[in-house]
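What follows is a pair of complexes built around chain A, which joins chain B in one and chain C in the other.
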Partner chain A sequence: MTFPSATLLAQSALSGVFIGSMYGLLGMGLGLAWGLLHIINLAHFGFAFLAAYLCYQLASVGGIDPLLTLALIVPLFFALGVAVQWLLSRFAVSPLNSLLATFGLTAIIEAGIQYFWTADFRKLESVYSGQKLRMGGLFVPIPELLTLVLALLLGFGIWAAMRYTNLGRALRALAEDAPMAAAFGVNRRAHALLLAGVCGALAGIAGVCLALSFTLTPSQIYAWVGVVFAAVMLGGLGSPLGPLAAGMVVGVSEAVTMAFASPSWAPIVSFSLLIALLLLRPGRA
Partner chain B sequence: MPFLHLPAFYESFLYLVFHWIVLATSWNILSGYSGYFSFGHGAFFGAGVYTTAVLAGKYDVPFLWTLPAAALVAALLGLGLGAVVFRVRHVRGELFALLTLAATFVLATIVLNTPIDGGPGVYLSAVPVPKLAPTASGAFYMMALVLAIGTVFIAYAISRARLGLGLFAIHDDEDAAEVMGVPTYRYKLVAFGVSCALAGIAGGIQALFVSYVTASGTFNITVPLTVILMSVLGGTRSWGGPAIGATVITILLYATTAVDQPVAGKAAVGAVLVAAILLMP
Partner chain C sequence: MNTGHRLIRWLGAALCICALLTTGVHAQSSQAPIKIGSTLALTGPLAATSLVHKVVGEIYVEQLNKRGGLLGRPVEWIVKDDQSKPDLARTLYEQLLTVDKVDLLMGPYATGAILSAMSVAQRYDKILVHHTFGIPSLAKYDKQFPAWSLGPDPANTVPTTVFNALAASPKPPKTIAVVTSKFPSVHFMSLGAREVAKKRGLNEVLFLEWDFGNLDYGPIAARIKDAKPDFLWVGAIGLEGNQLLEALNKIDYAPVEHFYMYPAPGPMSKSPLAKNALSMTVFEEHPPFSNAPGAKEFIDLYHERAAKAGIPDTNVEVQAAASYTAWQILEAAVRATNSLDDAKMAAWLKANRVDTIQGKLRFDGPSNYGDDLMRVKQVQNGRWVTVYPKEYAAPGATLLVQ
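Right, the complex of A and B next:
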């Protein structure tokens, strides 16, 4: 093992921050639904990939700017999120059963993606791809920078909304003590559906970012599960900024591992971290 | 059966049915009886696959001798994981499911990056199939049949024994069971060990059946998804339910592959799982 140069390490740390913002963006919707709705939505990853493929289709075949596809994808995935939540709450599922049911849903989405787009690798070529800024000795790719900016904006936006608006207060009250909040006149069903819609929309936005930066293939859906769960559990359930910060910690530690060892070792960092967290952090979930 | 000289297709198809019966029933011994849903059955199945692949494919150990080794490696992995996990009181339900899923990917990464596999996969095409029947497919059929009968019998015996009653009690209310004197830690560990050992043997046989194993093909989400589906569909509290679920789902999957729609098969499995979870009481 040779010791990597300072530039390589700095570049690794930077790409760790970028991939960490992707983890955070994916984790935001997952963690909000888990913490506030007690739904562990594996289909969140399926939705993100579905959005990524839709963005790919619209942008590469329809010739639309990938960022403009958000105008279609955000409302569509808001509706999908609402629909799934409606179904799950209709049958009053436990957290474990929500995990199982959305596992099945993810398999359906994966099969659907494989049917329409095949299992081939797909890479979105857009005006943004391959564009880089040069800062000092470091390269800053534009698609990744867009992900980081979007993640920060959404993270702080949702944090502020949860903290300062009546809607956010109602949601937090419901998570803490639902019957009491209901007694104070908070409409539980409507708020749950709204929040699930927001989580769905977040999956859609994360999907567009995925399409901008990454090569897509259906089986990649599961590659994100471990690391994003690790970020969510590390950052705290039901918080929008926690997963983002934790995602960056995980991302940087992975990227530095890759600088020292072979890239194929990277998954072991996040999955070991997830196992350690599950064992050592009581009361996190 | 193999001595009737039917076309090899029937033997191979029945091999698959028995293979899934073993995996689903062995999963059910811990997860179904005690309610600790494991998403990591693929890890123990994969441990068996790679034990046989490495011993038979690289060190020329006779195939049948690798099967006890496959059981042992898988069981030790399960006992090691269980010895840590079952000590931690809050790792139940969905957290146990996530943890076992993560363990699968850790194991896959280790296998992929060490000389166990190293990346290109392991070939077993030079390994002779044991002469248990006139044809190779017949031999696989015989091995899987014996293993399936053995697994279902073990599942039956456990469900009738103190161990099974203890596991059912853990499922219903673990804290109450503990207070009533059920040694919950030991019961869960024993059930996990048995469950993993059986999955390991199934993996060992499967390694020779497919004769070329890769890390991504072994440690993917298919095994946990399918066994959970089969067991939930068949009934997790009965010893025979997973076997029935396995038979039905294998036929369903085969039917969609036969008409050249394997993707539709995957979607159908997902849809059945969603429907089963939502509609079952």
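Right, the complex of A and C next:
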């Protein structure tokens, strides 16, 4: 094994930060719904890809700037999130069953995407594609930078809202002890619908970021599930910043492994790290 | 009166002729169709390419029925969705033979599913013609026949063709980087490329492997840029090649000479980053390939049907051509033996050559593989053109170097 140059190492680490922010952005909504609503929403990945395809359609066919598509995608996916939550609570679906039900929904979304856009690859060519900043010997691609900025803004924004607003306190109280929170006047149903809507909107934003940086194909939905789940579990359920930090740890550890050794070792290193952290972190269950 | 009688006679005769003709047509169409069964990955990760095989199969069966079918009977193609899962393909082939009672089999798409179908065909002693099997050494069944003309030792012959093409180029490379997905049918070819490169005295400056499904190509791109090879061999399948090119572009690097084993043909030729990218082919839409009998008609029909099916790239290239070839092989075997007897058809195929749009194919080598017909193609002005060997090159095309 030869030691990589500083530029190679830094460029790889930067790549890890960017992919980690994508893991974190995808994991944010998933982790919030899991931790606070006790819903393991696999359809979150389906929603993200549906949003990515919508962004692709609006931008490449409609000629709209991909970032402007957020104006349509965010409210639409907020509504979708609310609708799914309403259905799950209407039929009192348990957390484990929510996993199965939303997996089924993901398969339906995948089939729908394949029906409308075919299974072939779709690549969004936008004004951001191929744009990059140069910092010394390092290159910073603009689409990835946008993902990182959005992930950080959303992560810190939601964290602040959860910590410093009455709404956030109510949501945390509901997750902790729903009957007690209800006794204090917290409307469980309305808060759950609102949070599910926010999670849906987060999936929509993640989808736009996916469309900006990645080539789309319907089956890619499942490629993200394992590593994003790992980031959510490592970062902590119900936390907006945890999955982001964990995603970056996973992303950077994979990228640095690729810089030093064979890229095929990357998942072994990152998942070994995940197991170690889960075993050794304080306050583990 | 006489005129009236004559008219009645004529009408009677005309009616009799019509009745006879109708009976004849009815007798022909009422014959039970010959059922050909196969699966394709109509959903799942392999669906994009499988759609090409579905369109080609439909075109071929339609053409076959227009020619009167096989053995005077119409042909019906039963195709099931194996969801890109080899284990499901096995079950479905079993079902095709035992429930649907198909007369003949056609292979599914991709090596894993073909291997599954092969085991079922072997159990029922059925002939299996397949279009896209990538690892000849695994094809042990004696009644399987490949249309993917790799030859029996592609890990040696395919890289040799590529390096011969580069050696004949204006700027032969001295250093090489081999980066490869661990996807089985490309991985062994990349390992073969390393061996051939070593024998030819190329200095290997980088060797990397990644797992199929890798999401981050940034660090791989950074290592390629760091190694600065004259020639980059990419053992990529599907979109991996494009993903790597995009990652290289993000760090402002364009490979000097670059080869991709099994790229997604449309996305790669359309990508501005893939300028001068090399790959392998058995057929492209230009002479001499398009001069093969039936090729022109097939190309025109494919353009129309692929567009209708929503396939973004409607050009006939390796996948579509291999698929068409597989049907040609099956038809040739049935016609030559005038039967649906699997043993007779297999024996005939081993002893004879079949005319296809790829050229004349033989099946008398190890694992029923014949010649390696892979040629080198290159992305030039947004389309693939064959550049090596000279006799298969598109008119006026030569291998371009950055």
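Rule of thumb we're sticking to: the second predicted complex is superposed on the first by the 256 of 285 C-alpha atoms of A that agree within 3 Å, B and C clash if a C-alpha of one lies under 4 Å from a C-alpha of the other, contacts with A are read in each partner's own complex, and residues count from 1 in each chain.
The rule is short, and it goes like this: a residue touches a chain if its C-beta (ideal position, glycine included) is under 8 Å from a C-beta of that chain, and two chains touch if they have at least 3 such contacts.
All figures in this text were calculated on a predicted structure; none of them were measured in a lab.
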Which superposed partner A:S15 touches (first chain B, second chain C, both, neither): second
First (chain B), second (chain C), both or neither touched by A:V93: first
Which of chain B and chain C A:S5 touches, first, second, both or neither: second
Which superposed partner A:V225 touches (first chain B, second chain C, both, neither): first
Touched partner set for A:S264, first chain B, second chain C, both or neither: both
Partner chain(s) touched by A:G251 [first = chain B, second = chain C, both, neither]: second
Touching partner for A:L154 - first (chain B), second (chain C), both, neither: neither
Contacts of A:Q114 with chain B and chain C, given as first, second, both or neither: both
Touching partner for A:L278 - first (chain B), second (chain C), both, neither: first
Footprint overlap on chain A, where chain B in one structure and chain C in the other make contact: 110-111, 114, 219, 262, 264, 267
Complex contacts: residues of chain C adjacent to chain A: 43-45, 47-48, 50-51, 84, 182, 208-211, 213-216, 218-220, 222-223, 225-226, 239, 242-243, 246-247, 249-252, 264, 266-267, 271, 309-312
Residues of chain B defined as touching chain A within the complex: 37, 84-85, 88-91, 93-95, 97-99, 101-103, 105-106, 108-110, 112-113, 119, 220-221, 225, 228-229, 232, 263-264, 266-267, 269-274, 277-279
Chain A - residues contacting chain C, complex: 4-5, 7-8, 11-12, 14-16, 18-19, 110-111, 114, 118-121, 123, 130, 132, 134, 139, 141, 144, 215, 217-219, 223-224, 227, 251, 254-256, 258-259, 262-264, 266-267
Chain A - residues contacting chain B, complex: 40, 87-88, 91, 93-97, 99-101, 103-108, 110-112, 114-115, 219, 222, 225-226, 229-230, 262, 264-265, 267-268, 271-272, 274-275, 278-279, 282-283, 285
